[in-house]
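Here's the structure we're looking at; comments come further down.
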Amino acid sequence: MTAPINPADSLLERAPQALRDLVTSHFPQPWRWFANGLLADVAILAVFGLLFAALTLAERKILGRVQNRPGPNRTGPFGLLQPIADGIKMLSKEDIVPRDADHLLHFLAPVTLLASAIMAFAVIPYGRNLVPVDLDAGVLYFFCVGATTELAVFMAGWSSHNKYSLLAAMRALAQLISYELPLLLSWVPVVMISGTLSTTGIVAAQSGWRWGWMPTWHVFTPWGLAGFIIFMVSALAESNRSPFDLPEAESELIAGHLTEYSGCKYVFFFMAEYFGMTALSGMAVTLFLGGWHAPLPALEFIPSYAWFGIKLISLLMGFIWIRATFPRLRMDQLTRFAWKFLVPLALINLATAAFWSLSFGWSGPMLAARCGVALVLVIVPFVLLGRRLTAGLAPRSYAYAT
Amino acid sequence: MLGSGLLQGLGVTAKNLVGSFHDPKRLTTVEYPEQKTKLPEAYRNFPFLVSESAEDPMGTLRCVACQICEKECPPQCIFIEKSKDKKPDATGKMQIYPAVFLIDSSVCMNCQICVEVCPFDAIKMDHEYEIATTERFNALLLDREALAKPNSYFHEIRPEEAAEVDGRLAAERKAAEEKAKAAALAKASAAAKPAAPPSAVPPKAEPPKPSASA
Amino acid sequence: METPDQICSRILSRLPGAEVSVLQNPGPAAQHSLLVGRQSVLEVAEFLRDDPELRLDYCSNVTGVDWPEKIIVDVSKVSTPDPAGGAPKVTEVKTERVQPGYLEVVYHLYSVSLRHGPVILRTRTAGRDALAAVPSLTPVWRSAEFQEREIFDLFGVVFENHPDLRRILMWDGFKDHPMRRDYVEPEDYEWEPTPHGDLVEKAKKARAQAGGTPG
Amino acid sequence: MTPSPLVPTGGATVRAVNDEFHGDLLEVSMGPHHPSTHGVFRMVVTLDGERITKLKPVLGYLHRNHEKIGESTSYLGSMPYTDRLDYLNAMTNNWAYALAVERLGGLSVPERAEYLRVILAELSRLQNHVCLAGFLLQDTGASGTPLMYAFREREKILDLFEALSGSRMMCNFQRFGGCRTDASPAWLAQVAALVGGFGRFLDEFEELITGNEILMARTQGVGVLKGPAAVAAGITGPMLRAAGVGYDIRKVDGYGLYPRFTFRVPIGAHGDTYDRYMIRILEMRESIGILEQALRDIPAGPIMDPKAKLRGFRPKPGESYGRIEGPKGEIGFYLISDGSANPYRYRVRPPSFVNLTVLEDLCLGHTIADSVVILGSIDIVLGEVDR
């Protein structure tokens, strides 16, 4: 986050950078990079910490409304202070560690999880010129850091020395490894097409307008749409969200790997789940939804970081909506779904993207053919694989006894 | 196609999410301490003793300590001790009254059987449900002072049943009064007449023997 | 469906050695039952299940009944001739005999395929203590599995050849059989003082003073 | 048809011993305090990985010796205790007990009371089944949404129970020879309004979840119970009908006034968890039909047999067994009278308890996640299992 201010931008657009310069100007020049980094850390923790708090409330409110009840509404006006009350409650609870637990791992697991979840925020471009660290291989870095969460969840489950936690640890490992693959494969086309692993580069590749009004986001291409869906499904699984919340399946494994956690450490897990969900959504916005770009040229007056925020929050709402609706999958179905459905689809999607890339120059009637072929390449495997996956499953009709 | 059932479900939840903001049928929550639902008349929760007047509840209890409810109570949560003396009840008739009437509300299961078996309409089910106490033992053992509630309260919570009970009691009272009047009249007329010659044979006092089939 | 008498005679014709009789139910329900000796209960049960006219394939209810030993007073009249030559003097002599107690197991059988029932099958143990054993009918009707375990638990009837005869409702270390009529509840376990205890005490005292019977 | 990868292999060979090639089996004690054992129920599960090789139900945590209490209480005094057996279905428990006592005492029931009983029993069935659908879906991990919809409708039925009997769940409403109080026309109109709207609710509920691929994957082919095994194990109620046996005591015994009503008995072809769920949904639709007919035809008249006595009821010596089709299966009461005011023997035939017999068979070879769903589909209430 060292880019200089572009004076052509609007005042609001420049505001974060202006604030940054205001703060860092107090530091001597050799230390400015360090102050910059610290400032970015503070900003991320503050913004996403608040977002986490708001998200817990929003989740409970939305789940409530979906379920025909008002949700939390006792703490403060409309229950707005509920996250604070929850925080105070959770932080003031006794931290209970089982006697036979592996104390070191039991302690390290939430820390590792939270640390890796926060590290993932480093490479996401939150707005024009607003990326904490602009790495050349930002996307790779993001997913490497994300993979660490598997280790942390396994640590938590293993170290608790609880049978439910152990089962959850095994589940978490199997699940996260299974879904790492479709998750990675789903964004490879993006890298292929935009030709860069840098997150800012990918966002830049989605700038500009086709026909003067249609955004050139990857999601508006057939392979991009497919990739986006695969990415989001895998993201659901990676962040242990319903319907893939098997490690902490409360109706089967009490709370899974969280069974033996309480108080502050439990909050860490909770936070890490939401941070992970937010980071993955942020990456989805970057990769497929045009990053911080506005959806219409006429709306470009709204600052870029606001657009990023809007897209991010809509994706998060989608997570909550899905949680409110779906039952949970079973472990074997979960891994089958990954290996037999998502991975083949993602691989086929690579081919689709390759075709899209090769047919770059087609125009006129050939453009329609290009879209058609790509759509067929996306839809037909989806339908066929889906049919194979759900073979034997159908709504039934019933007979009546005489 | 895979996903059609999932999308359908998402549609229903979205409909409910939006519906809960404008459709009172979808948001049925009652904000309890501020709002309360209107209890139906039949609602029952713990018995109380009906007294005729609010001023002197102990003097006007309808209960005559017949102990039927005590016997019939399934969890045996009622304890009654009869009085040694008699007191005039609301109608002025001399009656035994309960010297002690205890209901252990920690054992009572609100089954209403005491109400059903009471021949005097003296015990009825209450509408009170905010009965939490901080003391687990003696605060839950309700004595007759705590149990007695006036007939006007009964009318307030169960207007239909109370009106029906009052009508029946009034009719019974009237019948009793008329009977008493007739008896008094007969007595007066008997007294007016010269006493009949005393019969040498005492009247047969033996009750008829039950038949063998019983 | 056949009456219990018809079923009884058919069982006897089919299984000549079986001890079967019909136990009349005097009440208005008029659900009479087949009383089967415990030696032949297994084959009778199999007959009832497999007989094409009965096909009692569904055992609905299995339960125990405790009949503790009863003292029966027989009154007989003994006449002693009057030495004075008058009418013989008749005196009543009461002899007490003890009817041994037993435990009874009652099975309510229905037919799902022929949709009739119930046929009530009862069998009795020889005694209430060491002799309280009957053959298990779980091999014939699996639905008896849990219910026989319950009877074993609560009544103490031992079911021979039951696949898994353990206590089911009471805990494993429990000693007595609480559904027996002479079961005395221990005073001390899981007891905590409540006003209700006092209440019951008071009620007992008051009734005792009034001269009534307690309870 | 190629087998779906999402359909479990069902009946996979299960291993019951530890050996050096496969590592240890894991024994997990699920319950008595577990989020989805529906009360204080415990399953001692032996797992090979996540597959169940052995499952032993452990009962009795809620045991209070209901039958002993029944033997030391008068006939009337047991009526409120029956509410607490299957506390979701006080109305049907009351009815079964009243039926047994009426047979014991030779009492008849006036027509209006019979109609009221049918109405209340079918309302009870509606709220039990809707509850079960909610619980079952909660066990599959649907974060409360179907459960809340189900409870929203159940509340309306409970409100009706409250308006009639005074209590939402502990109704204590039936009496030997009739019912306790009469229903007002306003109450019947409320029932009619509820019944009119219930079909729409069911449509919405089914739209939400019945076609859901995840639910189908979780329940189809899971916990298969076939007809003959079900009959032998004494399974009753929707679980038996899901196994393909069209045995409904309302049709078979024709107790009450059920022969007067036209309704159908849905039966399943597969006997799996999905069938058990769907049979209940279909039964609710049939119950709506019965309720509509009952509300249309209910006559005026007395609600108590004039011969019936509330107090001091002493039936002649004898015995009787009365059973009805409760929402969970056959609920029966077996009574022996010795002529005194208390029954000599008071026995409850609890459907949930007997239905648990097959739990292990259904779960073997499936995973731990399935065991929870299968248990949910059996529909137990611990108040009745443990008594």
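A few comments on the model shown:
We call the chains A, B, C and D, going by the order they appear; numbering starts again at 1 in every chain.
Rule of thumb we're sticking to: a residue touches a chain if its C-beta (ideal position, glycine included) is under 8 Å from a C-beta of that chain, and two chains touch if they have at least 3 such contacts.
Everything numeric in this text was worked out from a predicted model, so none of it was measured.
Among the remaining chains, A is positioned farthest from subunit B, on the basis of C-alpha centroids. Think of the whole protein's Cα atoms as having one middle point; the chain whose own Cα middle lies nearest to it is D.
With centres set at the average Cα position, the gap from subunit B to subunit D is 33 Å. Centre-to-centre, using mean CA coordinates, subunit C is 28 Å away from subunit D.
Rounded to whole angstrom, the centroid-to-centroid distance between subunit A and subunit C, based on C-alpha atoms, equals 68 Å. With centres defined as mean CA coordinates, subunit B is found 63 Å away from subunit A.
Those residues of subunit A in touch with two or more other chains are numbered 66-69, 324-326, 389-390. Shown for subunit B are the residues in touch with two or more other chains, namely 2-3, 6, 9, 12-13, 16, 28. Every residue of subunit B that touches subunit D in the complex is listed here, in rising order: 2-6, 8-9, 11-13, 16, 28, 40-44, 68, 72-74, 109-113, 116-117, 125. Remark: subunit D residues 1-8, 26, 28, 34-36, 47, 49-50, 137-145, 148-149, 152, 208-218, 220-221, 241, 246-248, 251, 264-270, 274-275, 278-279, 282, 367-370, 372 touch subunit A in the complex. Residues of subunit A touching subunit D in their complex: 63, 66-69, 163-164, 166-167, 170-171, 242-243, 245-246, 249-254, 323-333, 336-337, 340, 388-396, 398-402. The part of subunit C that touches subunit D in the complex is made up of residues 25-29, 31, 57-61, 63, 65, 106, 108, 112-113, 115, 118, 120, 141-147, 150, 154, 167-171, 178-179, 183. Contact residues on subunit D toward subunit C in their complex (touch as defined above): 59-60, 63, 65, 67-68, 103-106, 231-236, 245, 247, 252, 315-321, 323, 330, 332, 334, 336-337, 344-345, 347, 349, 353-354, 356-357, 386-387.
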